[in-house]
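For reference, chains read A, B, C and D in written order, and residue numbers begin at 1 within each chain.
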Amino acid sequence: MSQIEKNSSLWSYANPRKFLATTERVMPFLWGAALVCLVVGLVWGFFFTPDDYRQGSTVKIIYLHVPSALMAINAWMMMLVASLIWLVRRHHVSALAARAAGPVGAVMTLIALVTGAIWGQPMWGTWWAWDPRLTSFLILFLFYLGYMALWAAIDDPDTAADLTAVLCLVGSVFAVLSRYAVNFWNQGLHQGASLSMDAKENVDDVFYLPLLVCIAGFVLLFIALVFYRTGTEIRARRIRALLARERAGA
Amino acid sequence: MMPDLGKYTDTVLTAYAASILLLALLVALSLWRGRRMRIEMEQLEARTRRNG
Amino acid sequence: MAECAFFRAAQSGMRVVMDLTVSDLTIARGGVPVLAGLSFVLEPGHALILRGPNGIGKTTLLRTIAGLQPPVSGQITGAQDRIAYAAHADGIKPTLSVVENLRFWARVFGAGGIQPALEAFDLTTLSERAAGSLSAGQKRRLGLARLLVTGRPIWVLDEPTVSLDTRAVAMFADAVRAHLAWGGSALIATHIDLGLEAGVLDVTPFKASLAPAAGANAFDEAFL
Amino acid sequence: MIALLLRDLRLAVRAGGGFGLGLAFFLIVTVLVPFAVGPQSALLSSIAPGVLWLGALLACLLSLDRLLALDWEDGSLDLLATAPLPLEAAVTIKALAHWITTGLPLVLVAPVLGVLLNLPGPGYLWLVVSLAAGTPALSVIGTFGAALTVGLKRGGLLLSLLVLPLYVPTLIFGAEVARRGALGMETLTPLLMLAGISAGALALLPFASAAVLRVNLR
């Protein structure tokens, strides 16, 4: 409990100035840590892990595919939480953080899709299969596109924040529904778990450790990007406010 | 230096190239826009202060 | 439905006693405060004319009082479900006839007949015409006639006399007088003299200063 | 509430209301499909349920941008928001009016168009049942999309971009019912899911639509 009490000062980061000042200080470490983890994890995975006896060297794609897929979903979760905070507590930084995470999540989804398709080419004999997982990610990508488009289309920042937050909420429900619907619709081209990239039992320790480092790298990169982009959004918002005041004063 | 990727060389290399390209693009665009907004805000704040 | 009827009855009972009170109101347009520290009381049977230059925030004020947008700070009491709002757009459907348009709003507001409203704005001869074929001034009269069928005690009007000729302006002034005599009240933003015995409130002195308002969320000061 | 429904229906059938446009669109899409995929009746009858569902969905989508935009432009929405009718009820009624003028005719016409695509015998009943259970969800979800984009100048394209992903579960289960019905398979599970989506959307989405509309009105 006392921990929570202490952390209640977390809300002070909802102050844009405080947020900018704090992130400014941690940004170099975040970028550095993300870069180190990514380089170590990917180099380790690419150069120093054996081939899988069934998938051959294509197993190396998991170091990109799994972390990006994970972040594609986590980014949406983060947007959902940030949207809720905005709707309940009306902290602008929260809404701007959700906006900042959108394109990052979209790129993560795209990476997961592209690596999945590239992996599927030799494994399934086709670039694109309407496999439930790939399909769900394609739908998630469409949700990201809609979310970003709505932010971009609305001029007034508070209106945009409100509308996108509600869209994120409703979209989350429908994304989960779509996942079930897609599962129902196609039980899967996957020949069981053995030929999947996502199944845990498929991942030996040799692959697992570098994979963990890569996941850490993607998480850190995501945090760094979201912090940085939120800072950008705060500045853009400030520019807007200053211009509006200038116009009102003139 | 280069590990032997067997018959899947193209597949693996394409996946890595595409992913790294996408990530680099995202980071570059973020940094570019971030820098522009920072400069613009500083100019504007300086102007506001000068005008009182 | 029964509950609704009950509330309406309770409302009409209170009509005579409730003032519209605005206290220390700050309103914003597009996130920028435009008017601050505004207070006034509008009693039943009285009208208040709002004046001020274009762009000062009269429309924003009226929309805030009508409940269409939340105030930045301050209180509005006595407005809940008692306001009939009319602005530049009349909500008139061109393919419906005059009577159909009016009857629709009468039914939505659960109020009585439309005949008095038609007569007050001299629309009886036009009643079967499609609203789309009316002239701008005739449309405006139809939009104002809508106020009468709402049965609401407080009229909040934004430039109600746009495109009305002198005869129609007189009709409108008569309608407002009748409304006040009945115990209603009216808050009108207008530039012309309606010949009403009404208080005048010039909102120019309440123009919000460019410094962030003290009541605003301190967290977000960087945005104001 | 009934007044609003009657007004919307009356507006739809009067000149310029766009009543029947959705139907015509549905007809054209269905007629064009054989030109695109070839006249083999076996192929047509196997894709018929999906094509008819997709046609119905697109016809629904086509009419969404007029759902709230006209009331927004002429100020009716401002006035409705200050009326005694809760905005939640108003958007539900508008969705209902949209369903009556778009969804219901599609349900009734679909079997006729099924003939053009060689829909197998048992498929007709299930096509009608699935459309009847699914089109309400399309109207309600579409109303939410229309409420999101109502204040935008050129919201039509954005509206499609926002609404189409939301339509995915409805389309999957709806087309699945029709497909399984046409093949004479068990249809209960997807039909229950479809009805569940419609009921859930009808119960919850009006609150989101009204909230979004209030934001757009301020």
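Points to keep in mind about this one:
Throughout what follows, contacts are C-beta pairs under 8 Å (C-beta built on N, C-alpha and C of every residue); 3 or more make two chains touch, one makes a residue touch a chain.
Chain by chain, the UniProt names read as follows: A = Heme exporter protein C; D = Heme exporter protein B.
Given the structure is predicted, the values throughout are model-derived calculations rather than measurements.
The busiest chain interface, judged by C-beta pairs in contact, is A-B. Distance between Cα centroids is largest for the pairing of subunit B with C. Between subunit C and subunit D, the centres computed from C-alpha atoms are 37 Å apart. If you average the CA atoms of subunit B and of subunit D, the two centres end up 41 Å from each other. Between subunit B and subunit C, the centres computed from C-alpha atoms are 52 Å apart. Chain centres here are Cα averages; for subunit A and subunit C they lie 47 Å apart.
For subunit A, the set of residues that touch two or more other chains comprises 238, 245.
Those residues of subunit C in touch with two or more other chains do not exist in this structure. Under the contact definition stated at the top, the residues of subunit D that touch 2 or more other chains are 218. In this structure, the chains touch in the following pairs: A-B, A-C, A-D, C-D.
Per the touch definition, subunit D reaches subunit A in the complex via residues 144, 148-149, 151-152, 155, 158, 161-162, 164-166, 168-169, 172-173, 176, 189-190, 193, 197, 205, 208, 211-212, 215-216, 218. Those residues of subunit C lying in contact with subunit D across their complex are 4, 8, 63, 66-70, 81, 83-85, 87-93, 95-96, 100, 103-105, 107-110, 146. Of all residues in subunit A, those touching subunit B in their complex are 42, 46-47, 51, 56-58, 60-61, 64-65, 68, 103-104, 107, 110-111, 114-115, 118-119, 121-122, 221, 225, 228-229, 231-232, 235-236, 238-239, 242-243, 245-246. Against subunit A, in their complex, subunit B makes its touches with residues 3-9, 11-12, 14-16, 18-19, 22-23, 25-27, 30-31, 33-34, 37-38, 40-41, 44-45, 48. Touching subunit C in their complex are the following residues of subunit D: 2-4, 6-7, 10-11, 14-17, 71, 73-76, 78-85, 217-218.
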